[in-house]
Each structure stands twice: as C-alpha cells, then as structure tokens.
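All chains are identified by letter, namely A, B, C and D, in their written order; residue positions are counted from 1 within each chain.
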Amino acid sequence: MITAGIDIGTGSTKGVLLEDNEKIIARAIKPTKGSPGKMATEIFNELLETSKLDKGEVDYIASTGYGRYMMEERQIQISDLTTTGRGAKFIYRDKNPSLILDIGTQSSRAIRVDERGKIIQFKMNERCAAGSGRFIERCSRYLVVPMEKISETAMKSTDPQKISSVCAVLSETEIINHVSQGIPVEDILMGVFMSIADRAGTLLKRVKLDAPVFLAGGLVHMPAMKKALDEVLDQEVISVPEAHFSAAIGAARLGYQRLQKIKK
Amino acid sequence: MENIVAVKEEDLQYAGAARKMQRQLVRDFYRQDVTKPVVYLFVGGNPAELLRALGFQVYMPEITALTMAIRHQSLQYILKAESIGYGLDVCGYVKTDIGLTHLSGGETDMGKIPRPDLLVCNYSGCSVYAKWWEALAEFYKVPLIMLDIPYHRFNDPQKEDLEYIIGQLREMVEKIEKLFDLTFDMNRLKDVLAYSRKAEDGWGRSFEMAKHVPSPIDAYFESIFYMFPINALRGTKEAAEFYDLLNRELDERVKHGIGPVENEEFRTVIEGVPPYPGYRSFWNMFKKWNAVSVAATYPKVGGMFDIPELRHDPAKPWESIARYSIFSYCNLSWDFRRETIKRYLEDFKADALVIHGIKSCRSFTAGQGDLRDYVINELGYPALYVESDHQDPRYWAEAQILNRVDAFFEALRMKR
Amino acid sequence: MTSATSSDLIPLLTNLQEITYDIDFEQVHKWKREHPGKKAIATFPVYVPHELIYAYGHLPVNIYGGGEEISISHADAILGSFICSISKSTTELLLSHQPFRDAFDGFVFPFICDVARNLSGIFGRRISQPVYMLHLAQNVQSEHSIPYLKNEFMRMVSTLFPDEQLDLEKLRDAISKYNENRALYKKIYELRSETPWKVPLDDLYMTIRVGSNLDVVKHNELLKSKLSEYEKNERPKKDAIRVVVTGNFCEQPPLDIIRLIEQVGCYVIDDDFMIGRRFYQTPVSEEGDPIEALARHYLHEGAKTATRFHEGEKGEVILERVKNANAEGVIFLTAKFCEPALDDLVLQQQALQENGIPSVHIEFEERGSGYENIRLSLETFVESLLFD
Amino acid sequence: MQEKYVAGVDVGSTTAKAIILDMDRNIVGKSLQNVSPKVAEDAETAFLKACQDAGIDREKVVLITGTGYGRLKVRFGQLIVTEISCHAKGAQFIFPKTRLTLDIGGQDTKAIRLGENGEIIDFSMNDKCSAGTGRFLDVCADALGFSVSDLGPISEKSRRPVKITSTCTVFAETEVSNQLARGRKPEDIVNGLHYSIAERSISLMRRVGIVDEITFTGGVSRNTGMVRALEDKLGRKINVSPLSQWFGAIGAALFALEELEKGSDPKFMPMEVKQ
C-alpha cells in the first residue's frame, strides 16, 4: 500500500511516498512560494514522477504543515506537531527517542512523545519569532553572509556574543551594536545560534529535559545549530539530514494507520 | 546659597561612608547564621516590627532578587523558573526567587538564603504577592498568614480600614504564638518600633536634604542603595545608626557644596522601578548630562517615610503599624501618586519628570502613561517615559534607552 | 421594574451575537430610556455584588472591554506595553467611544489585579461620574473580614448613589432574583454535561454573556427559553473529547477561539468563561441581614479563581473539576499578560501532570495575530488524544 | 573670507546619509549609502560622496555632526546629536511651520512635538516591539514578492483593504501569506498594512499631541500609499518632501552650523565623544 505525506511549511514544502508503512520510495522538497495549495500539488506530482507511479496507485494522502488545509487532493490533514512526533520517532527508531526539538522557519517546538510517537506534551515559542529559522535568514541578510555559508562562518567563532532581545527585529539593533563595537561576524553569528539554542532549551525544559534530544525541522542541516545546542543543553543532540522530512513521513505513517482502520 | 569651600570630595571626613557601611550591612545580612525561625515578608507595608519582636529572622525575597539582578545574576534563575512553567510575562521577582530559592537551594555567592518557616503575605499594593506566597506555601509546606491591607483610596484611611488591619495583626500574633510556641512581649515591640522610628526619621531627613541646590544626594540612584537598611533591617539598631551616618555625610557634602555630579545642571524627579540589570549604565546616562534626581517615588515602596505622620510610633504600636502599611507607595491611589509627584516637582525645584516603566510590575507601571500626560499637559513639566524590566535583562535595550535619554536632555538644554 | 414578556425576547434570540458584543450598549441606553432617573453602573470583571446595585433600582452592567470591535489607538500611551487587552480596550472605550461614556453613571473596578485596580485612578481623572475601587477582602479566616466587607460594600454604594438609601427588603428581593439566575446557569451546565451535543458552546457562551447588558429578570426569561430550546435540540452526537477549559477569565477570549475549540473536536463540559456572572454555585442566603449574607458568601462560597487568595488547593480545585466533568483533558486558555492566571497555571499543570491528565496551554489576545497557532495547538492536543 | 562648509552624517540601521551645507544654509551636497557591517567605513564613504557631490575637498568641511544609531561611528566628526533632535530640526528647516514630525524608521517610529523655535516640546517612540516600524513594511513587501518602492503604486489599486492584526513583524509575514492564500488581492493587503502602520503611528503622535503642521520624515515617507493612509486617518494633509530621507542629516549639519555661529565650545557633546 502506498501513502503520501505532504508537509506544507512556511519555508519549504516536503513530500514522501511510503510503501507499506516502512519504505520511503520517493521524496521531494521545494521552497514554498506562491500558493501553498499549488505547491503541494507540485510536490505530489514530483513524487509520482520519481516513483513512476500513477496518481491512482497512491492509496491515501495526508497533508500537514501550516498549509495543510490548502491541499485539495488530501484525504486528511494532521497538525505538524503530531506528524513531526510520529515521523521523528520513525526516523530515529533504533534509538527510541522521547524528546524532539523542531526548529522551523517561523517557530520552534519541543515535543515529548511516548513509545509510539504519540505526543504527551509540547511547547511552542511565544509570539515573538526570535527563536526561529527566519531569524537566521534575517541575520544572513544583515551581516551579508549567504545562507549556505552561515553555519560554516559561525563555526569559526571563538567568542560567541549572545543576543538578549526578545524581538527578532529589535535583535538587529543589538547586532548593529555588536558590529559597531567591532565584534567579528562569526562571533555574532554563533551568538545568534546560541540564542536560538537558549530559547529551545527553555522550551525543552518546559516539557522536561531528561533524555537525549533529537532534532527535526529545517535547521538540522546546520552544524552550527547542533554545536550551539550541544553546548547550551550540555548533551550531544542527535541529528540526521532525513529529519527534515519528519513531518512528511509522520503524515504518511498516520495516513497508513487511518487506511488500516477504514479497511477494517 | 552656602559658602562654598573648595574641598575635594575624597578629602571629606565622611566621603563614601554611608555607601561603605551599606555594603557591609548587605554582606553581613547574607552571611548571618540562621539562629531563629525564618519569616518571609514583602517590602511594601510589612509588619516586620511585630515579627522581630516575636523573635523571627526576617527575609524579603524581593530584596534578594534585586540584589541578584544588579549583580547580573538574575537571568539564570528566571530561566529556571520558566522551565517549570512560569511564563515570559510573570513578574521577574517571582521567577528569580523561585529559581534561586526553591529550584537552586538558595545558594548564592553572597551566602545561603534560608527557606522560610513562616510566610506572612502583607497584601499591600501588589496582587502578585498573594500568588507568589500561595506558590511558596505549596513548595515549602509551611504556614501562610494573609494580612489583607485595603487599598488607599481616601484622604485619610477610614477607621474601618484601620480596625480591619489591627484586628488581623492581633489574630496573626495569636496564631504565631500558637504555631511556634512563642510569647508576644509588648515592651519588646516598643523597643523595635523605637529603632524603626529613629531610622525612619533619619531616612526622611535624607530626602529633605535634596532640596539643597546643588543636591548633596542623588535621591534615586544613590537612595536605592540606602534603601537596604530601611527595608531589610527596619527595627534594628544597625538601621537606625546607618541613617545617622548617612546624614552626617550629607551635611558635610552640603557644607562644601558637593553633589553626586560635578556640576549640577538638571534636577529630575524619577518615578518607577529601576532597571536593575542595566543599573550602572542607566545611571551613567544621567550623569553625563549632569542630571541629578532630587526626589523619587521608588525609595518609598517600603513606606512613605517622607511624611512624618506615617512613621512608626512606639506610643501607638498597633495603629502606627496599620497606618504605615496602607501607605506603601504601590498601595496608593493614582490621585495620591499624582499629588505626590506634583509635590516633589515643586518642592524640590525639579526641571523634569523621568518615568521608568517595567514589564514585571503592573502595580507600579499601569497608568504611568496617564501620569506622563498629566505632568506634561496639566503641570507643564517635561516628562520622559522609558521602559524595560527590573529583573529580566532580555528587556534592557540599552541603545534605545540611551537614544531617548540623550534626546530628552538635548531638548531640555536647547530650551534653556 | 417591569417584568419582561416573551415577545421582548425575540430581538435577543435573533440578534444574540450583535447584542452581546455591542460596544454602543444599546440595550443599556434602552433600559435607561424606559427607567427615567435610574442609573446604569459599569462593573469591571471579575466580581462585584450586582444585587446591591440592583436593590437601588439601578442597572448593574458587566463590561468586558472592546474585544475586536475597537482598535487601540489611545490606550497604549496611557497604560504601557505589557498590559492585557481588556484593560487597554476598556481604556480605549473610555477615551474614544462616546456611547460607552454616555451609557454609564458610575464605574466599579474590583481589586482583582493591579491593572484593574489602577484603571480606577485613570478613569477617575478623566470622567465626572463616580468611580469606585472595590477592595474585596482577601483574608477568609479573619473574623474581621465580614464587618470590613459589609462596610466596604456600603462604601461602594454610597459613593455611587450618595443621596439614596438602601431598602433591605429590596436587597433580599434582588438576591432572590440573582439566585434564580444562578440556578438557571447551573441547570444549563448540567444539561451540557449530560448531553453536550445539545448545547452549542458559542450559543451558550453568548446566552450567558448577553446577560451583562440586561435586567436580571429579563435575562432569567432568556435563560428559561434557552434551556427549553437546548433540551429539545436534536443535534447529532459527535466523536469529540470531553475537556475542561480554564483561564480564570476576566478578559474573554474572542468568539472565534471559543468556536475553534469545538470545531477541532472538543466538548467543553466545564469552563470558567464569564466566571463573574457565575461566581456562586450555591444560593446566597435570603434570611437575616442581606448585606452580611453577601459578604459571607463572597468570603466562603466564591469561585476559586486566580484573582482571589485561596491557599493550598490549586491542584485540588482543577482535579476536582476534571473529575466532575468526567473530562479527558484540560485546556488552559489564558489572556496574554494576565499575571494571576499565569501564576496559578504552574501549580495546576503540575497537579494534572502528577495525575496523568493531559493539558495544553494557549495564550490569547483580544486582537490576536490570526488564530493559526492556536488552531495548531488545539488540533495537536486533540490528535494526541485521538490517534493511537 | 575662506570658503567653509559643515556636514551632517546620519547613520541609520540600513542606510547612511550625509549632507553638506554652506554658511548660508544652502544644501550643496548630499549622499545615500547602504550600511554594511563596516559601519564606520560606510559613514565615511557617505560623507566623502557628499563632498564629491558638492564638488569640494573634505578639508573645507570644518565641522561635522554625527547622528543616528551609528552616530558614535562618525569618528571623523566633532559633534554627536541624537536623530530625534536632528529630524525635528531638519523638518523645521524645510517646512518652517512644522509643529509635529513623524519619522517611520527601520527600527523606530518617532513622533516629535516642536515649539516655534524648533525646540522639542515632547517626543514619543515605539516600545519594545518593532510593529509599526519601517521594517514591518520591508518584511511584508518581501513576503509579497515586491520591493518596498512598489508598495505605494500597488496600494493605489486597492478597493477593500484587508485588516492586518498581527502585532509582531515576523508573524505578520505569516498573516500576509495566509491572506494571499485566502485569495485576497496583494493591493488590498498592502493597503491594509499601510492602514495598520498608520494606526500605530497616530497612536504615537497622540502621545505628544496632534497639532498642525505635520511633517512626515524618513524613508517611508516616499511611500505614497503610506502618506495616503496617514492623511486619511488623520483627516488632514501632511508635509512630505523628496529630501525627507535626509532630514536627519540636514538637522545634524544645522547643529554644526549653529555651533560655528555661536563660536562657543560644542554644547551638544555627550560624553562618548570624550572617551
């Protein structure tokens, strides 16, 4: 049986095709631009192309992410917290994770899951976005360091300078101050990662930080993010690139679950 | 104008004497051994005299919290409290105290903060007090006594309000006698009250001194240091002696025309709780413009001791404690607060009002914008409003505050 | 006071939402036209003894800010940045909305929190009508609290109505009418607990809230009519989870959020929306000194909400509510910057966690930035209970 | 008499502006320079470009005032004045009857009340939150895929402005995306943003008192949609000038000039300069 999970996020849209709840036979990712609904369809078509499957051969489509209601082809929509928990549980299945940290474009979430990946508790960042990926994008623009280089640059830091402001935009004033005091760009950037890690730490403590932390979401690629988290959380956080697809995989797996139920 | 003798401040006999003694009192306080039962009280309108007379060691978590903030140590405790569920918008005092005492065992680099044996909630001017003590009572499983102080709304507190407070004070004493197997001794209370009175008279006099031009004291930035004895040690001999020393130092400064800045140019009244995490920087913003605060409301959070009728009185023990408790600054109606600020602006020959609003304390802050409007449009004084927090350094945006303070004094100078 | 006839109810039934959220207070203006010489008194949440005001023949009205109906343009400057929406929008109504100022002949702000208390001083400076800050007694154990509170209640009415005398018989009558009001709420909530699908949450909410604008007699009529409507309701039963919603509500969540809770698949069995109008579960004594009865009831029978001092039972209170509602989880829905609610939340969530009861915490504002994050949290919460 | 000039250099969070004045208060040179992490260099570049624009040697400029957030980076200058004083002064120089100025800047929005002689009576700035600042527009323009300079013309097409309620600049981006997804027209969203900022700006102006004449300064004042929204909400005309971005720098240069005329020690010299 083939189920599709499409995660329509604010930054990018991700999709997977899952065969019999276990095997990922196709995946796709693109930045979300324009209409989220159309984006979802595009990703879905790309999945069909890669897997050489016909639309009719996909048994169930589950959408997730902020645009989950906008995908017309969906059979069900599920919140991205639920799917991230399930997906991460599957991706890291041999390590039996219970704490998942999802740092996305607009918000960060700490999720506590049970044995099956079911959410026991979760916490999202409060209304200001200073703890999210978007903040890094702004810093990249302001400090004139391209996004691809941002992690690499930050890793060169020897004396990170934390940002204390709670507002993403007003943090820029602080960054300007750092810049004008002649603090090197790498130290400011690493400080930015450290500040995000600090906020993530607070979220994790809210759901109780008593186990290894597994990363999901867009920032899993960045070594600087991992390094900052390792330091702030005082443990080695676990991250694999595939975790970027946590929500999509989780959606596909929950889709499979629904399908089983319907068939009964 | 006094005859000015050219003397350098450091040559004076009492130069820095009060500040030195205050530092010593703080050190001694946090290093003292715990030999008696410990009671936690709030600063505003508390019955410390009664508890001292009953034989308690008195602690005020607000003072510990601000001491941590001024030493740049508050954030770690705030984060600890947030990690057990206290929200971003909860009062920083509450979070620092819970993070420090309940969650970290009270260990600080100044000494250990003991856990309480008794909590007395002197509910005067701050509704968070009740929430805070309810939580501590659950964390520590110790008795909690509510002492409900009615809000000040009338020109004189009415008989019924005083009776209500006095009735509760007597009930409190009886309850403590039973709980801790103690005996209340009126003579002891009167001795404690006499020390309080002496300290309050001295503290009150130091406020008056700022009427001199130039003012010998910064009635905000300096007085905040000098608040420690009146708030933490009121009713002790040390506190009474401290204000004697302070006044000697101030008399000497007046004699030689010495003030906290070299060349007093602006006299301000300051309203609001200070930004402890950025205290020094904030002070420097004023110093560089030769601005001295000549009166301030924050030093009166422990009591309006600039008004002689509101000081403790061994001749009227119950009544003076009750009357005092209604008039802690945060328990005052906006009518009274506006009048007080008007009085300060006029009596102390001030040029302007500076308001510092904080996120944590809505009791102090909610309505300060209305006050600003009143001062500018009804009294005709310039007023500046800046905002941050008294505990949480995440709200201290130095560049922005500096910008506002500089622009304010630039404008005052241009008008001259 | 004229008693309402059934035909009077028709506009209420057809325009429920409009009347509930009317910041022009047309119902109040109408009442005043019908009762020349009588006054309308605005009372801020959570609790003010309306019976006393009603006993003088005047109309007590609960005010709940301007919600989404008014944009904040003046109030930010007066109050500062870190202040809850209801305080800001109430101040905005005062400063920029004439029908609001004209509707009321006096204002009462009870000491439920520092901001509400301070509002009394801001209002007092800007209007000529009497403004009273009601200091509700917090010491439930002291024998001095009842005499103090009796005196405090009388100070309130003598500030509002300096030249009028209180008739104790009329006060007893008022207590009886408000007791009926409370009994009707209780019945509706019992019906909701047994058959939640019959009582739509948003309709129930507005039915209670609209009483803020009405004479209690008329509101009792409305409640009776609604009760029989709900009893006959044949809505299908949904596969939804039973929850308790708590927020120590002074500031009311936007109607869209209330609807959202039901939309994502919850039956709200117990809530404390409009807690001020449902402050007592038991009737106030109609015997003896009625002023004392009100004072005693406040001290010993009042709702255990965060804006009152009540020691050592926060966890028990919420556990009891969950048990009585036979609920699967708790939604904490608190107003941004509401310190009392944020403080109590910690102890309550701890108690739930220790007892294995799932809960979720959501913050709201009157004029939020869309409800996407709130929807996300609610859906996740429901999914965590629904999916295997 | 020797040929002499003064300069004002306004170093903001995104751009640095410089103005050269001659002794008769004529603007003889101006420049605009993007700000990079090398703020001090950018400030100097802005100054040199202005000299070039005026066709003079930098040595002819005898007194320079730095202003703006990066004012301390104007190390080649002698005076430092906050942009609040400078904006007000610049606005009153161009529109002498100005009694109230509104400056919507990158991170700050400020309303300044002025007396007849240019003295600042009162000022007010946005609080700890960036909602209602110029950055709010930048972010939303980005989300819509427009450049900031397009916003004015686009909003003119709007018939039914969308109500934007978000108070957070970063979350406003989501709101904009959601509105787009719901099929609202871009012009209506842009117009809604303008009204939302106008509302917040007017709230700030109220704190100091709304009095005639009002001059709208800063980069955002070139946005015709923003001007229209403000005028609509205020119910009166406001002054705008093609020079509005330079008001801070003009004011700064005027302060320098006045100091020269006084021949006295620089009075507006905060302590940082001495450090």
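Here is the rule we go by: a residue touches a chain if its C-beta (ideal position, glycine included) is under 8 Å from a C-beta of that chain, and two chains touch if they have at least 3 such contacts.
It should be emphasised that the depicted structure is a prediction, and the values quoted were computed from it without experimental measurement.
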The larger set of C-beta contacts, choosing between A-C and B-D, lies at B-D
Per the C-alpha centroid definition, the whole-Å distance linking chain A and chain D comes out as 38
Using mean CA coordinates as chain centres, what's the gap between chain A and chain B in Å?
47
Among the residues of chain D, pick out those that touch two or more other chains and give their numbers.
69, 124, 127-129, 167-168, 171, 174, 207
Residues in chain B with touches to at least two other chains are numbered 84-85, 87, 359, 369, 373, 387, 395, 397, 399-400
Can you list every residue of chain C that touches 2 or more other chains, as numbers and ranges?
76-77, 80-81, 336, 363, 369, 372
So how do the chains connect up here, line, ring, star, complete, or something else (other)?
complete
Inside the complex, what are the residues of chain C that reach chain B?
76-83, 87, 111-115, 117-122, 124-125, 133, 135, 137-145, 147-148, 151-152, 155, 306-307, 309-312, 314-315, 336-340, 342-347, 349-350, 363
Residues of chain B that touch chain C when the two form their complex:
84-87, 89-91, 94, 121, 123, 126-128, 130-132, 134-135, 137-138, 144, 146-148, 150-151, 153, 158, 160-161, 163-164, 167-168, 171, 330, 333-335, 337-338, 357, 359, 361-363, 365-370, 373-374, 387
What residues on chain B touch chain A, complex-wise?
79, 82-85, 87-88, 393-400
Residue numbers on chain A that touch chain D, as the complex places them
10, 35-37, 66-67, 70, 106, 127-130, 132, 134-135, 142-144, 166-170, 172-173, 176, 179-180, 185
In the complex with chain D, residue positions of chain C that touch it:
71-74, 76-77, 80-81, 365, 367-370, 372
